[in-house]
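My structure is below; once you've seen it, I'll send some questions.
The chains carry the letters A, B, C and D, assigned in the order they are written, with residues numbered from 1 in each.
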Amino acid sequence: MSKRKEEATVYSQEMLTDGIYSLWIETSMASQAKAGQFIGVFTGDGTKLLARPISICDVKSDENLLRMVYRVSGGGTDLISKLKKGDKVSVIGVLGNGYEKAACGYNEESSNCELIPLNKSLEGKKVIVIGGGIGIPPMLLAAKSLQCEKVMVLGYANKNTFLKDEFDKLGQVYISTDDGSLGTKGTVIDAIKENGVSGDVIFACGPMPMLRGIKAYAKEHGMKAYISLEERMACGVGACLGCVTKTVNKDHHTHVNNTRICVEGPVFDSEVVDI
Amino acid sequence: MSKRKEEATVYSQEMLTDGIYSLWIETSMASQAKAGQFIGVFTGDGTKLLARPISICDVKSDENLLRMVYRVSGGGTDLISKLKKGDKVSVIGVLGNGYEKAACGYNEESSNCELIPLNKSLEGKKVIVIGGGIGIPPMLLAAKSLQCEKVMVLGYANKNTFLKDEFDKLGQVYISTDDGSLGTKGTVIDAIKENGVSGDVIFACGPMPMLRGIKAYAKEHGMKAYISLEERMACGVGACLGCVTKTVNKDHHTHVNNTRICVEGPVFDSEVVDI
Amino acid sequence: MNTKVTIAGVELKNPVMTASGTFGSGQEFSEMTDLNKLGAVVTKGVSSVPWPGNPTPRIAEVYGGMLNAIGLQNPGIDVFIERDIPFLQDYSCKKIVNVCGKTVEEYLAVVERLNDQPIDMMEINVSCPNVKEGALAFGQDARVLEDVTKKIKAVAKKPIIMKLSPNVTNIKEMGLAAEAGGANAVSLINTLMGMKIDINRKKFVLANKTGGFSGPAVKPVAVRMVYDVAHTVKIPVIGMGGIATAEDAIEFMMAGATAISVGTMNFVDPETTSKIADGIEQFMKDKGIEDINDIIGCVE
Amino acid sequence: MNTKVTIAGVELKNPVMTASGTFGSGQEFSEMTDLNKLGAVVTKGVSSVPWPGNPTPRIAEVYGGMLNAIGLQNPGIDVFIERDIPFLQDYSCKKIVNVCGKTVEEYLAVVERLNDQPIDMMEINVSCPNVKEGALAFGQDARVLEDVTKKIKAVAKKPIIMKLSPNVTNIKEMGLAAEAGGANAVSLINTLMGMKIDINRKKFVLANKTGGFSGPAVKPVAVRMVYDVAHTVKIPVIGMGGIATAEDAIEFMMAGATAISVGTMNFVDPETTSKIADGIEQFMKDKGIEDINDIIGCVE
């Protein structure tokens, strides 16, 4: 499971909907990648030096293929969106803990528990898989990885959805849209309520307000929620302390209630973080 | 004759000999370009912002084609050497005076004489066209432009010559090489002496020691020599005063015996500059 | 939509200016970009007598920018008045003349000559890192700066902009000193002191060893200093240092600059200034901003 | 061929070190690059008690570099001694611990705790622009710097490197002050103060408003300062600021640095340091340089 920087090869790139791209790359990292982990993608431009953290959306381990789905939101992702089949792209990874480690409380450095395989720890449970906006992509691999019962709730801005077909194949999908043009008008929580969705555990990724809502919802319903956070990153490997999030208790690294999203996260037990 | 920045299209690129490239670009500047003038070539890399001054080696005005022959000597020329047919490349030009203006003493700003067409002013004269090293390329267009009698003397490092065939088509060519592997062993001056080359006017471009030698030779033989100088440039259009060379008399711009190579040059009457 | 800004009573049609020393006297770039689209042209520094400048090489390229050690080569105030000022009269942009000197007397001599010329303001360069005497020394000591400013203001009949050096511990202090001396505005940043070594030849790339560092690479330092000064003094601040795009220009204005100057990027794209002027208007349109003055210092 | 350099009696197998704060305690990068190839690892700054650092966002990317406003988050000297120092014992590189504090007493407390630890040197950070008290203030006033250095030297049992801030008018003066205070070496540059504004949100990108600017973009400033200090003081100088390649490292050494540190570029390529170590050897081979010490300060 060692991290490394590697030159990957672009396998394919396509635009899914306006400004949202799907990029498959060939990399030896594919076989290690787990749902909820991410990689750092370099732009190759000397004026934009830092890696762009992008979640792993899907993998085909046997073909060494790894997929990212991302939104062009600035100069770096714009450059990445110009990559074509056969182009080289430098990536660093695999980064972060992923849902599996988060869900069993495993922590790479403190190692205060053993890593329990995700599907073992979730046996007999039902997971609500929630994605909002550009937080939807990592939930695809999460949903695919789950062998237990699951239901998916996806929140889009409007009816220009992406990846929806692929989620549909995995089970029941409920949709919310900000403008009501598809599914429930409102948030993913609104969709959960409207459709009477229930479950034992939540896996989620999305914008901060959504995650706050999920944290509150999980608490109210006595559920566990594992949520994936974002922060600006420099190193991606825990060295720069750029990417911290506040924690309820002392973090094990610095003991100051500030834990690193790139190493101890990005997926956290919602009760652990103070968001 | 206005200067401008333009996006040109690469028409062809080939390596002539180790590290020396020939690049044809399609640009509207081609029809204005005169022997001894140069253009600024941008790298397209935000970490290498300044234009690389490269002499015009040849033109095909009717096809809007302009040719540069250059040596990869650093990061910028290395990037330029990677350009392929159809690629876009930003250029600024046409820059500098060229042999024609220099030879008639014409000066864009002071305009203290009228621009006499080169071949009119040289009627009945014989020109020794001298190029040394990477100073050889601009002499091709110079030689081609001359309708009067001419003889060419080219100095290479060794027998790995470039452009020699093309010069051969234009008249008598004498060669010198540093290592003696072809032609006269030594400098272009050695080749001139060895071959008893004579003429009325010298047109030259090459490294500073060669130009100093030519200046001395011309003085000794009572000849006029027009030599092309190099200096680091930022603007290329006379605004930054980065690229000056010392002059014997007060220069017309600043009145301090420092004239701008990018505007008043790069071609100077060897008696005017204090090199 | 209003894009006009006012500095010391001088109204600029837009906040886009050229940075001294990068645009000649305006003439050199006039065939490549439309001077009438500019808020103001700031000319190359002019001294009381012609200055030859430094030996070459004077230019070095660095990552995302450049070093220069021109050393203020200029034809002196006589030629400047005779040749360069008349040229600019044909254009509607404001005219700001940058003044340099080795002694206070030299500054004063130039300022007096410029007093009755058809120009709008004078910018005093007390911050050039490329000349041994005067210049930078005046700009690195707050008391000296205040004193020079006072003496210049005592003779100047046009608004005075003091151009500050970034090579100081405390830029706020320098802004306050210029203000205390009576400056009508300050401009910053001049170049950072930099060096480049050619490792293959074991030699400095610049004959002068050190040079002034400018270009996109310096922008974060410049924005910080413009913010610091603009939030300290009451006089207008003119911001510069690495501006390449309308977004950069707006960043400086949000940091507190009333106007901005483009330097190094003129060399990379002669139309940078006019693209920035257009880009600012587009930004205002997109965001529904009616008056450009609402942008100035609006960062929270 | 000799690539060893010596600083204050400590022999480094090569001049390549990591810059404090960019390499954690060494552990974070240890699976990505071989610590045994390094001359020394310099750890993240450590204070007497745990520090939480600044609010997020703490990172902003800028043209050719980055801004950081970490604010020296660190677990304090207790955890550091218990966890981080032991980790490094398995490696043959030298160990340099970077020390930070808000008061002189806090620095002294950490230095005393480190005195009997298996480390080689201490680097004193008096130049961090991201904490309000102490730190930078100590590094921007020559008299204060000399005084702090003296007090630290009075208790330190390991060689002391004073890390200088580039945010000063006169870097030579600061080098001399550290030397006068008894420092065994100086290192520079720490980060330049910078700022970035998100113009769409009219907000500072960093929660702390300003941040420390580092990366390739700052190199010309760093080389100039290293040259100035190395040609002023007699103690060794450790150079850093934007180093990305072996050529950059050699440039700093030619300017006068005895050793060099790589900071920001570790984030861009974790193997930067080891590539630099190899690249320096290659350069020496190509140029027939027998002893790396012949490169130090050789620029003419």
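Here is the rule we go by: contacts are C-beta pairs under 8 Å (C-beta built on N, C-alpha and C of every residue); 3 or more make two chains touch, one makes a residue touch a chain.
Computed from a predicted structure; not experimentally measured.
K.L.:
Where the contacts of subunit A and subunit C overlap, which chains show up?
P.N.:
B, D
K.L.:
Could you pull out the chain whose C-alpha mean position is farthest off from that of subunit C?
P.N.:
Of all the other chains, the one whose centre lies farthest from subunit C is A.
K.L.:
Looking only at C-beta pairs in contact, point me to the busier pair out of A-D and B-D.
P.N.:
Greater number of contacting C-beta pairs: A-D.
K.L.:
With centres defined as the mean C-alpha position, give me the subunit B-subunit C separation in Å.
P.N.:
35
K.L.:
Can you compute the centre-to-centre distance for subunit B and subunit D, using the mean CA position of each chain? Integer Å is fine.
P.N.:
Distance between chain centres: 47 Å.
K.L.:
Determine the centre-to-centre distance between subunit C and subunit D, using the mean Cα coordinates as centres, and give it in whole Å.
P.N.:
Using C-alpha averages as centres, the distance is 34 Å.
K.L.:
Please list all residues of subunit C that touch 2 or more other chains.
P.N.:
Those would be 63-65, 216.
K.L.:
Quick one: which residues in subunit B touch 2 or more of the other chains?
P.N.:
46-47 - these are the residues of subunit B that touch more than one other chain.
K.L.:
Going by the touch rule set out above, what shape does the chain contact graph take here: line, ring, star, complete or other?
P.N.:
Shape of the chain contacts: complete, all pairs touching.
K.L.:
Show me the residue ranges of subunit A that touch subunit C in the complex, using the header's touch definition.
P.N.:
46-47
K.L.:
Looking at the complex, which residues from subunit B come into contact with subunit C?
P.N.:
Subunit B residues touching subunit C: 2-5, 42, 46-51, 76, 92, 231-245, 253-258, 263.
K.L.:
Can you list the subunit C residues touching subunit D in their complex?
P.N.:
Against subunit D, subunit C makes touches at 62-65, 67, 140, 167-170, 192-197, 199, 202-204, 209-210, 213, 216-221, 223-224, 227, 242, 247, 250-251, 254-255, 283, 298-300.
K.L.:
Would you pull the subunit D residues touching subunit A in the complex into a rising list?
P.N.:
21-24, 28-29, 31-32, 44, 50-53, 56-61, 63-66, 68, 70, 73-76, 79, 215-216, 264-271
K.L.:
So in the complex, which bits of subunit D are touching subunit B?
P.N.:
Result: residues 63-64, 216 of subunit D touch subunit B.
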